[in-house]
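Presented sequentially are two complexes of chain A, the first with chain B as partner and the second with chain C.
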Partner chain A sequence: MDAGSLAVNEREKSIIVKGKQKKQLVCDTDSAAGCVSQRACVYCGARVVLNPVTDALHLVHGPIGCASYTWDIRGSLSSGSELYRSSFSTDLQEEDIIFGGEKKLARAIDELVLKHHPPLVFVYSTCIVGVIGDDLEAVCKAAAQRHNIQVIPVQSSGFIGNKSAGYRAACNALLRLMGPEPTPTRNLNSINYLGDFNLAGEAWIISNYLRQMGLEVNVTFTGDSRYETLIKAPRASLNIVQCAGSMHYLAQKMRELYGIPYLNVSFLGVLDTTASLRMIAEHFGGSGIKQKTEELIKTETDKVIPLINGYRGNLQGRKAAVYVGGGFKAISLIKQFREIGIDVVMIGTQTGRQSEYETINDLVDEGTVVLDDANPSELERFMVEKGAHLLVGGVKERPLAYKLGAAFIDHNHDRKHPLSGYEGAVNFAREVYSTVCSPVWKYLKA
Partner chain B sequence: MLEHTPKEIKERKGGMINPAKTCQPIGAMYAALGIHKCLPHSHGSQGCCSYHRMHLTRHFRDPIMASTSSFTEGACVFGGGANLKTAIKNVFAIYDPDVMAIHTTCLTETIGDDIPSYLGSAEIPDGKIVIHANTPSYAGSHVTGFANMTKGMVTYLAEATTDTNKEQVNIIPGFVNPGDMREIKRLTKSMGINFIMFPDTSGVVDSPMTGKFEMFPRGGAKVEDIRDTGNSKLTIALGSFASTDAAIQLERKCKVPAKTLKTPIGIKATDEFLMALRAAFISEIPYELEEERGQLVDIMTDTHYHFHGQRVAVFGDPDVVIGLTEFILSLGMVPVHVLTGTPGAAFEKEIKAMLLEAGLKANVKANGDLFELQQWIKNEPVDLLLGNTYGKYISRAEDIPFVRVGFPVLDRSVHSYMPIVGYQGAMRLVEMISNALLDRADRDAADEDFELVM
Partner chain C sequence: MERQTGFARNAAENPCNMCMPMGGIIPFKGVEKSMVILHGSQGCATYMRRHMAEHFNEPIDVASSSLNEKGTIYGGEKNLKLGLDNLIKLYNPGVIGILTTCLAETIGEDIDRIASEYLLDRGLNDVSLVTVPVPGYGGSHSEGYWMATRSIIARLSREAPANRRINVIVPHISPADIREIKRILQLMRIEYTIFPDFSDTLDSPFTMPYKKIPIGGTGIEEIAEMSGAAATIQMGVTASREISPGHYLQDTYGVPLYNMPIPIGLENTDKLFAVLKQVTGKDMPESIFSERGRLLDGMVDSHKYNAAGRSAIFGDPELVLAIAGVCRENGITPVVVATGSKSFMAAEAIKSSAAVDVPEQSLLAGTDFARIREHCREKSVNIAIGHSDGRYLTEKEGIPLVRVGFPIHDRMGGQRLLSVGYTGTMTFLDRITNTLLEEKHKNYRHGIFDKFYTGKMA
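Now for the complex of A and B:
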């Protein structure tokens, strides 16, 4: 297609080329109507954040689709309950739209609680619930009293904003779960880990590191989390925040409400993992923790650096394009790609914030294209223009990359190996190697 | 994983657990992809479009393109007209499709957006076409959405322009894979009959690798062909749930006689499809197809002892499940549980009639869910489960061999290229089913019972 025709005025402001323009990239705006946006909705944002709470009953109040499309797609692992992997929907019908869905919702909660005995129910509102005006608060409150458990409404009607608004709705639900009172006892050396959804068991890797440093992870928000540990979160003495896009708000609120300080961390790539672990050790001080941390870093890096370097030899000089959900991942990926000798030539996010885009712009080389809320045609255009050999993205981007004859890494729900920590850095290098250096690309030209 | 499903069945009134259906708009999006150079457009929140594209991408493993009206709070309060008009302008300016196929969502249906009146005042570039279908997510299922968009194609495009009907047949394939559409076309072509298939997603969602991303791949029914369906001698609608509405609309609008047949899965339904074509157009079935049929019968007789009396649970979309049920009956298998998530009494009626003819009884349900299917299986165990990917949880929990068939299949590849329709599709089904049963027999066999020849 004609690249020139892409320049809808509204979109121009959301794309910059480093070094060429002085202007600031415009992000966090609503998508233009009629675009093939890769973005999702409020409900989607709330659902992905809360779904990993394993022993909660996640009830989607709306027509069937919203529940169907989110049935067990997250890839978050559980060490306990599997209840979160089933799909529960009120399956609203025409008569419910006309007469209201409150009765059906109350009945659904009653039936499901009696059947599954969950300690906690999340009730998600969808577009239509916001329009027909069901009083979710009242229904949930009454149900909570009837069953003597927490029934928390998640205000996630799809149209009230974008995915970020959904993250916020999820965080508000979690805050409500934890309650307003600061808990009197604080556990020293106890950490909450925010923004890891335990995809492929990643949160377990990081918790293991922290344990080796002499720290204890109280709960991960929300990977492999459960009711009992979530409500104890206000007692921790530090919050570390990885996926800032979804969890920054929660960290701020927890500081405000419970006085828990937070640190922004990233466990993607060797450099960021090491820096994050040191930052955490520094926060707690004490020579014991610091020494254990250094020992851990040495043991792990000694183990993984030779392996990563082995892949680096085959990858040096290749070019990558990155299109991911949030800014933190994009920033870490630039550095992580450098570790394996790859330059990032195009980078964008669905919901990155202004400050994150500034960091990205500082990190990338001259000429790198930076873009917010890209559509497939833009991804195609800049990948081709910049000669990218590899795209990092999610479900919808995979076949696009393949069609262009480019390799692909899923850095989203569909990842099959952990990509976090030292172990994850090796997996990442191996995945990049196995897709970039696969023989299949040779058959492209007949 | 599904340990929490109790065996005891109690009546439920509060919705679905582990659904066997999804919502209308995704079906409309899939149908619209079956028009050449068409961009499906979702009139609703961004999430809908994103979810549908994601789901279809996972099933077909091809890029799925669709645009959205990107609803915000303001659009809900003031109506979506402004969003839709902007969307129309942007879609043609940026992506330049020949056709834009709009479907609604639960949100836009509920706030009462009137698409035809918006279209009346929208700026549509010369030579470009906009069609629409109402697809409220709170009624029917994804199959209903497919049917509604297919009917919309007729409403907007079909025209009777000739005095006499052309010697050609319209074929509406229903909600099946592109591999199935290709097979139906091959069968028709080999009989030497002129045909128009719509929608036709072959060449769109199974497009070849060229090293270039094509926003609009080569496949899909051409607009001029869909127009010309109004001049055909006959319409064959394959599958009453997905295809009948469009065929009846054609009959009403252009006086083209409509005939609804089962989705041609298995020997009987394929025979009926070919006979219907023969009756209207030719005198002889070509030897090539007779040979294929003979091969299928040969395979069925070679393997019948593996199948006879095996108890089966079948679930999925109604048209496909009806075809599968008929076929497994012809293999001597016993359908014990037959379920679709799509509402519709016609489904239960049709399955029960087949069972009656075979002298069997089974649990049969439309508008059911997989929670209930699992409960049925706990109470009356089966030897085989046939259905889409979501069956894998039940298959694991109840330790039953499982054959993936239908939509969606999210955890296996290549399926969308391969037919389950026609004689060759039936052969493939026999192979898949017998492999699943025999792999299980091998796995479970004690050393002394482990056989080389089976």
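Now for the complex of A and C:
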């Protein structure tokens, strides 16, 4: 941005216009105070990643709010236990802050384990726990011994970093669950799928594809996962990583510890889905797998391409603004929008990484605004300046788009319809059509 | 009565309340040209914005001082001041609410000092800073609401010459409810200051161009002159004296206080008109009298259907109290009456909801949905009345839910739900009755068949 063109100087280094300047975008920094960042906290990052573990008891050690705002708000589906849909809290009170919350936490674990019999408890630390210095490790260790189950502390005090730090805390918790030892046996053609939270059954859709290719999903991190399946994760012969922002670290660690190689994939949009399936088939080699993969791709694309093209006619030439959580989603969306004839004129993420921003910069057209950790003022300004017809975002961004008279795509964890794979690509095109071409907009212009 | 406290209970399972800062944000949205900054880690502001955006379907901008590790160890003053700088640059507000959070309170931030120093440092005289200490562990969102409402009045009001206005202080009701109260006052030609007035700001009409701070809210000058009003009508009997804004005005400026329940239900609405008569000498207008008559007519029409109702009521203590009244006066038996708030006043409100003729009522304060669910089963509840989190009772126990209160995040139009006054009560009661009827119609054929039919299947 030109100097002085933004009200807040601290934000200038986090915004670039492609082609206008050579400088590199700065990301993964602390949010600027007072700017109304759209980011959440460390706890949020950890909870997002771990919550889909269906038979775990998710206990928030802290005041009631942190558990209240995260109770069953996401669309992760389960094929078994429903325990993950409950939100548990030690509901800390003033006296606990003064005298410490360790005893209460221990009693809470006892009480809840007795009632729900989970094989696994995640104990999330919150801001105050980090300050009053409760020894989460010790309490969890003792509780694990008492009940003979896994009780894993998640170091997610809100102030120790941004949402990405929470992803890392969650990955560390998962690593503890799997243990440091590599397993002697390795299942051939067995895949761990990292970074899919089974929103609206998306992990099931992808598992079905892989099965048709002659491969088996060992466990998904963490959509529809269970204690029993998670601890067997080290047996897989390949990790595929979709949401790299949250799971790249886990993939690296698993390669280090268990020698499992990994591939970055994305199942958003027809192009990326096809490319990812081919990449996986290529990894395993073998003409059988490759042939089945090509058959699958042909059947599915024959089915969906005409449907998607049907929408494309009405959408050609529209302009999109994108503001999502992670980089992988942003990258895929640029390509996916192209599939339906739409150009991305503004794009940003809450927690994208440097390498992802480089890819974004390579993909977008000249003049596209790229921004990290944006706020409502910036979203408003650039959407208006660039003439965006629609915004992709989460719950907080939705009303802003509508107030600006722009269409909106819900690409968040709350949605109830899948956007992954070939089915998801059709859903996406349909959703774009249903919002962009709605009759309501014409009444706003009067 | 079962009153669970932090000592008695080790874990909450599926909370029935939110935290103090959440409640504290809402009154600020009812002040003209106002913004809020939460002094704490970034997540608090984001979670609360998300929660509110889903309910109101409005952009909810709330800033954060985005405290990091350094700020937590060495003090967050620098972050807060920088946050105020940026907030002013971006929004240019007339009032800024500075709300603490768990983190700021625990590390002992002195926000009063920081705020007054900040104004001096920057030489600002066109913006007012209102500080509110609301640690998340200090109480529920209900107490946070009252504390912020009181703090705003305490900070902005000043000795003013006596005026003819009456103050109307509202609890956390819907924007539509606030509009209805204003309609009644306007119809009666009563001069008033209603506060906090988020009827436009949190339910704003579509206009271009977009405004970062929506138009509306109680004016700063109006709040300043609440001290000179003829009387205060506060719909807040569950606010304890230390956090009650009406008591503040009475104790500080001698403004007579009429503290009453939310005017939902016939009796409570009658009470409102009785108080208005007492304060202004004005009678109920003819058109309102007709609305009252229509409500009576409707109550008679529905009474036998309502008699089948065994209700569970939960949410903000103030709202729970009013809804329990609606149930009782219509022959619906409130068998479970619950709030997540642990305050003494909340417990008192729940206790006073007890119906003499209902043996073994479950009266729960400081509770959660796991407990409410157990009591619903025990008491054979067939209708739940409260905010959207009660969908848990629908999913687990098949109990239909009439949505009212906050948050309503799984349906549209929470901000437009009207329940106050005679007309509001009628629409609210219709929603309850029709929910009971819907269940009846859904179930009676196979229910009766299963119970009585013993012949051969055709």
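The rule we apply is simple: the second predicted complex is superposed on the first by the 438 of 446 C-alpha atoms of A that agree within 3 Å, B and C clash if a C-alpha of one lies under 4 Å from a C-alpha of the other, contacts with A are read in each partner's own complex, and residues count from 1 in each chain.
By our rule, contacts are C-beta pairs under 8 Å (C-beta built on N, C-alpha and C of every residue); 3 or more make two chains touch, one makes a residue touch a chain.
Predicted model, so just to flag it, every value in this text is computed and none were measured.
Trainee: Clash or fit: chain B against chain C, after overlaying the two structures on chain A?
Mentor: In the arrangement built by aligning on chain A, the partners chain C and chain B clash.
Trainee: Once the shared chain is lined up, is A:R74 touching chain B (first), chain C (second), both, or neither of them?
Mentor: neither
Trainee: A:L83 in the overlay: touching chain B, chain C, both, or neither? Say first, second, both or neither.
Mentor: Only chain B is touched by A:L83; chain C is not.
Trainee: Which partner does A:K403 contact after superposing on A: first (chain B), second (chain C), both, neither?
Mentor: After superposition on chain A, A:K403 lies in contact with both partners, chain B and chain C.
Trainee: Once chain A of both complexes is superposed, is A:H411 in touch with chain B (first), chain C (second), both, or neither?
Mentor: In the superposed model, A:H411 contacts neither chain B nor chain C.
Trainee: Figure out whether A:P63 sits in contact with chain B (first) or chain C (second), or with both, or with neither.
Mentor: In the superposition, A:P63 touches chain B and chain C alike.
Trainee: Given the touch rule stated above, what does A:H248 touch, chain B (first), chain C (second), both, or neither?
Mentor: A:H248: touches no partner chain.
Trainee: Following superposition on chain A, which residues of chain A contact chain B and also contact chain C?
Mentor: 8, 30-44, 62-71, 86-94, 96-97, 104, 107-108, 110-112, 126-128, 130-132, 158-162, 375-377, 380, 395-396, 398-400, 402-405, 444
Trainee: Along chain A, where are the residues that touch chain B in the complex?
Mentor: Against chain B, the touching part of chain A is residues 1, 5-6, 8, 30-44, 62-71, 82-83, 85-94, 96-97, 104-105, 107-112, 115-116, 126-128, 130-132, 158-162, 375-377, 380, 395-396, 398-400, 402-405, 444-445.
Trainee: Over in the complex, which chain B residues touch chain A? Could you list them?
Mentor: 1-4, 6, 12-19, 21-23, 25-26, 39, 41, 44-55, 57-58, 61-73, 75-76, 83-84, 86-91, 93-96, 105-107, 110-111, 136-139, 141, 207, 209-215, 341, 371, 390, 393
Trainee: Enumerate the contact residues on chain C facing chain A in the complex.
Mentor: Residue positions touching the partner: 5-7, 9-15, 17-19, 21-22, 37, 40-51, 53-54, 56-69, 71-72, 79-80, 82-87, 89-90, 101-103, 106-107, 135-138, 140, 204, 206, 208, 210, 212, 340, 342, 370, 389, 392, 409.
Trainee: Please give the residue numbers of chain A that touch chain C in the complex, ascending.
Mentor: Going through chain A, the ones touching chain C are 7-8, 10, 30-44, 59, 62-73, 86-97, 104, 107-108, 110-112, 126-128, 130-132, 158-162, 375-377, 380, 394-396, 398-400, 402-405, 444.
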